[in-house]
Amino acid sequence: MTAPILEATRIVAGYEPGLPIVRGASIAAKAGEITAILGPNGAGKSTLIKAIAGLVLVSSGKITLADADITETPAHQHIRQGLAFVPQTENVFAGMSVEENLKIAVHILPKAARADRLEKTFALFPDLARQRQLLAGRLSGGQRQMLAAARALVVEPRVLMLDEPSAGLSPKFVASVFAKLVEIRQIGVAIVLVEQNVRAALAIADRAYVLVEGENRHEGTARDLANDPNVAALYFGAHTERAA
Amino acid sequence: MILDIFAYGTFFLATALTYAIVCLGLNLQWGQTGLFNVGVAGFVAIGAYTSALLTTPATPGRFGGYGLPIAVGWILAIVVAAAASWCVGKITLRLRADYLAITTFGVAVVIQLVALNAEPLTGGPFGIGFIPRPFASLAEQVALYDVLHLLLVAAVLAAVYLVLERLAGSPWGRVLGAIREDEEAAVSLGKDANGFRLQAFVLGGAIMGLAGAIQAHFIGFIAPENYLPALTFQVWAMLIIGGSGNNRGAILGAILVWGLWSFSGAAIGSLVPADFQARAATLRIVVVGLALVSILLWRPRGLLPE
Amino acid sequence: MNLQFVADGLAMGAMIGLGAIGLTLTYSILRFANFVHGEFIAWGAYTGLVVANGLIVLSPKSGSFGPFSFGWALLIGLFAAMLCGVALALLVDKFAFKQLRMQSNTIVLVIASFGLSLALRSLLEFFVTSQPAYYSRDIQMAVPLGLGVRVTPDQLLVLALAAGLLVVVHVILTRTHAGRAMRAFSENPLLAEVAGIDGAAVVRMTWALGGALAAASGVMLGITVQIRPTMGFDMLLPLFAAAILGGIGSVPGAVMGGLIIGLAEAGGVQLFGGSYRAAVAFLILIAVLLVRPNGLFGRRP
C-alpha cells in the first residue's frame, strides 16, 4: 500500500462565516489512481475541492500534499507545489489564444524547461496543437475541457483535480475526456474527479467518496461502491423523490 | 461678544442643517437604495438656479427674473431637480453601478460649465444676485433674521426627515432595502427593481434641489463656484462619517463635518499669514479627506450605523 | 469648417488615449471607477516641470532640440514624471485601496477614490498655487501641412511619442508574462490564481503601468496646452468617456475612444468655441450608454 499524496482531513469550509457548506468531509488521493467524489446536487463537492485549491476559506481541518501542510498556502502557490485544479466553468481564458493559455501556466517553471513542456503537452493533446493561435473562447465545449486540463497538466503536477469535466458535453466528448484521464493516470498523476455522472465516473475510478450535506456518506473502492445498494439508493432515491 | 457668538452659532447651524437636507437626499439614494451619485453638487445647483431665476426681479440680458413668490421657486426647484434626476436615472440605472457614478459626475461637470458660460441663462461667472429672502422685512435685524431662518431650515429638515423615516418603514422602504441587499431576490419576488430605484433616485435628487433653493434664498446670491465637486465630496463625507443608511447619522454627520470644515477654515484664518491664506484654504479638503479615510478604515459603518 | 480640428483632435486624442489605457486597465482589474487617475496626470506634469526647471538651472545652456520647444531637460523630466506616476499609484494603493479592498464593497472604493483625488489636487494646489505654468514660454511657429492644416512641431512629437508608448504597451500586454498575467487576471481572477498568478502582484503592476502612462500624458498635455493643478481633474470626463466608448478592459478600445473623443472635442471647439469642450465628452458618454453600453470593443454583455 502506498501512502496517499493528497489528504484533506475533516475539512470545514464555506462562503460566509458561520455558514459551513463542507462540514467535516475527508478525502485522500494516491498517485496513479483516479479518486472520484460523488454526491447529489448541492452536497458541497465543488466547495470541497475549491477549498483544497485554496479558493474557499477553510475554517478548520488540515490539507497535506506529500506530507507538506498546505492548508494556509495562498491559491497561486498550489500549482508550484504540484497541485493543479480545473474549475467546472470558465476554466480557460476565453480572450486569449490556446497557446497563451498554456504559456501563462508554464511560466512557473524555469525558463529552460518551458518550451519543452509546452511541446510535450501539445503532443498529449494533438487537437489543441492544431489550433494554437485560436482564441480559447472559440473552441468547442469538449476542446475547451481539453485545454483546461492541458493548462493544468503543462507543469506536470502530482495531483490533478477536476470539477465535473463531463458537464455539458455530448456523450462522444465525455468518452474522449474520460479516456484522456485514464491516459493521464498512467503517467502517475493522482487524479481527483468530481462527477455527477456516477456510472461513468465509477467505471474509470479506483476509489470513490460519496458526499452528502458536506459530510462523507460512503467511501471505498469504485467497484464496491458501484455494487453497493445504499449508493444506488441514494441516487435512485433522489430520482424517485423528484418524480413524486 | 456673546451676541457675536450667538449670531455665528445660528448662521453656522442654519448652514449645517441645509447640508443635512442634502445629506438626507443622498442617504435615500445611497444609504437606503445603494445608488451612487457623484454629482450631488449638480443637483443642488439645479435647485438653486431654478428657484433664483424664477423669483428674482427682471434682469436685462438674462433669462428668468419673473419675480415669482419664493414658495413657487422652491416647488419648481424640486420639480426641475426631480426631472433631471429622472433623465439620468433612466439612462444609467439599468447599467452597472459605477456607470451611474461616472454619469452623475459628468452631470455635475456639465452643470458647472453651463453655470459658468451660459451667461444669458445663468448670469455666468458672477452668478445671480438679489435673490429674495424669506422674512425680508426683518433683514435689518440681522440676529432675528438669522434665527427665523434657522427655524425655517430646521422645520424643512424635520419635515423631510419625518417623511423619509415614514417611507423607510413603509413597504416601499422595505422593498428598497431588499433591492439593495439582494437584487435578484427582490426581482424574483416580482418587484420591478429598476422602477423602485428610479423612484428613490428621483426623490433624493428632488430633496437636493430643495436644499439648493433654500440655501440660495438664505445667502441672497449664487455663483458657479458654490457648486464645485468639493461640495459633493463634503456631503459624501457627512453621510459616511455620520453613518450611511441612518437618517439621524446623516444629520449628525452634516453638523460634524460642517463644523470641521468651518473650524479648519477659522484655524487657517488665524494661524496662517494673510498672503498665504488662499493657498492654505485648499488644505481644508485634505483635512476632511483624512477624516473620511480614517472613518472608513476604523469605523467603516460610520458613527451611527444603520 | 476646415480640417484643422483633425490635427488638434489627434494630438489631444492621443493624450486622452494614453490616460484612458491606465483607467481601463485599473477598471478591469481592480473593478472600480478610479477617480484618482486624473491626479497621476497632474502630479506627473508638475514633476516634469520641477525636474526640467531644476536641470535648466543647473545647466542653462542645455537648450532645446531643433524645432521643438524643449530639450534634454524635459526628456529627463518626462522620465521622472513617469516614475512619480508609478510611485504615487503604488502609494495610493498601499495606504488606501489595499485596506479598503479587503473590507468594503466596490462603491466605497469609488467614493474613497473621489475623495482622495480631491485631496491630492488640493495638496498640489497648495504647493504650486492655481496659476497655470508652462514648460517653455517660447511661442512655436505652426507649420502648414496642406489642406489648411497647421501643426506645431511639438504636437507632432507628442503624437509620435504617444504612438511609441502605445507600441510599448502593446508589446508588454501581448508578449510578456506580466502583460499576459494582467489580461488573464482581468478576465478571470480566480482562474488566474489557480494558474499560479499572484493577484497582488498583478494589481501592483496595473497601478504602476496606469500611473506611468497617465503621468506621461500629463507631460505631453503640459507641452502642448498648459500645466494647471486642475488639469487631471478636467481630463477625467474625457478619460472615462474614452474608456467606456472603447469598452472597459480593452486597450485598443481605450486608444480608439481617446482619438474619437479628441477629434469630437476639437470639432466641437471649432464649431462652438472652447467654453463647452468638456460637454462633448459627456454627450458621447451618454450616447454610448444609451446605444452601446459595452462600448466598441466591450467583452461581456
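Side notes on the structure shown:
For clarity, chains are labelled A, B and C in written order, and residue numbers in each chain start from 1.
Throughout what follows, a residue touches a chain if its C-beta (ideal position, glycine included) is under 8 Å from a C-beta of that chain, and two chains touch if they have at least 3 such contacts.
Please read all numbers here as calculations on a predicted model, not as lab measurements.
If you sketch which chains touch which, the chains link end to end in a single open path, with no loop closing it. Set against the Cα centre of chain B, the chain with the most distant centre is A.
Counting C-beta pairs in contact, the chain pair with the highest total is B-C.
Computed from the mean C-alpha positions, the centre of chain A lies at a distance of 55 Å from the centre of chain B. Between chain B and chain C the centroid-to-centroid distance comes to 31 Å (mean Cα coordinates, whole Å). Chain A and chain C have Cα centroids lying 43 Å from one another. For chain C in complex with chain A, the touching residues are 177, 180-181, 183-184, 187-188, 190-199, 299.
For chain B in complex with chain C, the touching residues are 34, 36, 38, 91-92, 95, 97-99, 101-103, 105-107, 109-110, 113, 116-117, 229-230, 232-233, 236-237, 240, 279-280, 282-286, 288-290, 292-293, 296-297, 300. Partner chain C is touched in their complex by these residues of chain A: 53-55, 74-80, 84-85, 87, 90-96, 100, 103-105, 107-108, 151, 155. The residues of chain C lying in touch with chain B in their complex are 32-33, 35, 96, 99-100, 103-104, 106-108, 110-112, 114-116, 118-119, 122-123, 125-126, 129, 233, 236-237, 240-241, 244, 275-276, 278-279, 281-282, 285-286, 289-290, 293.
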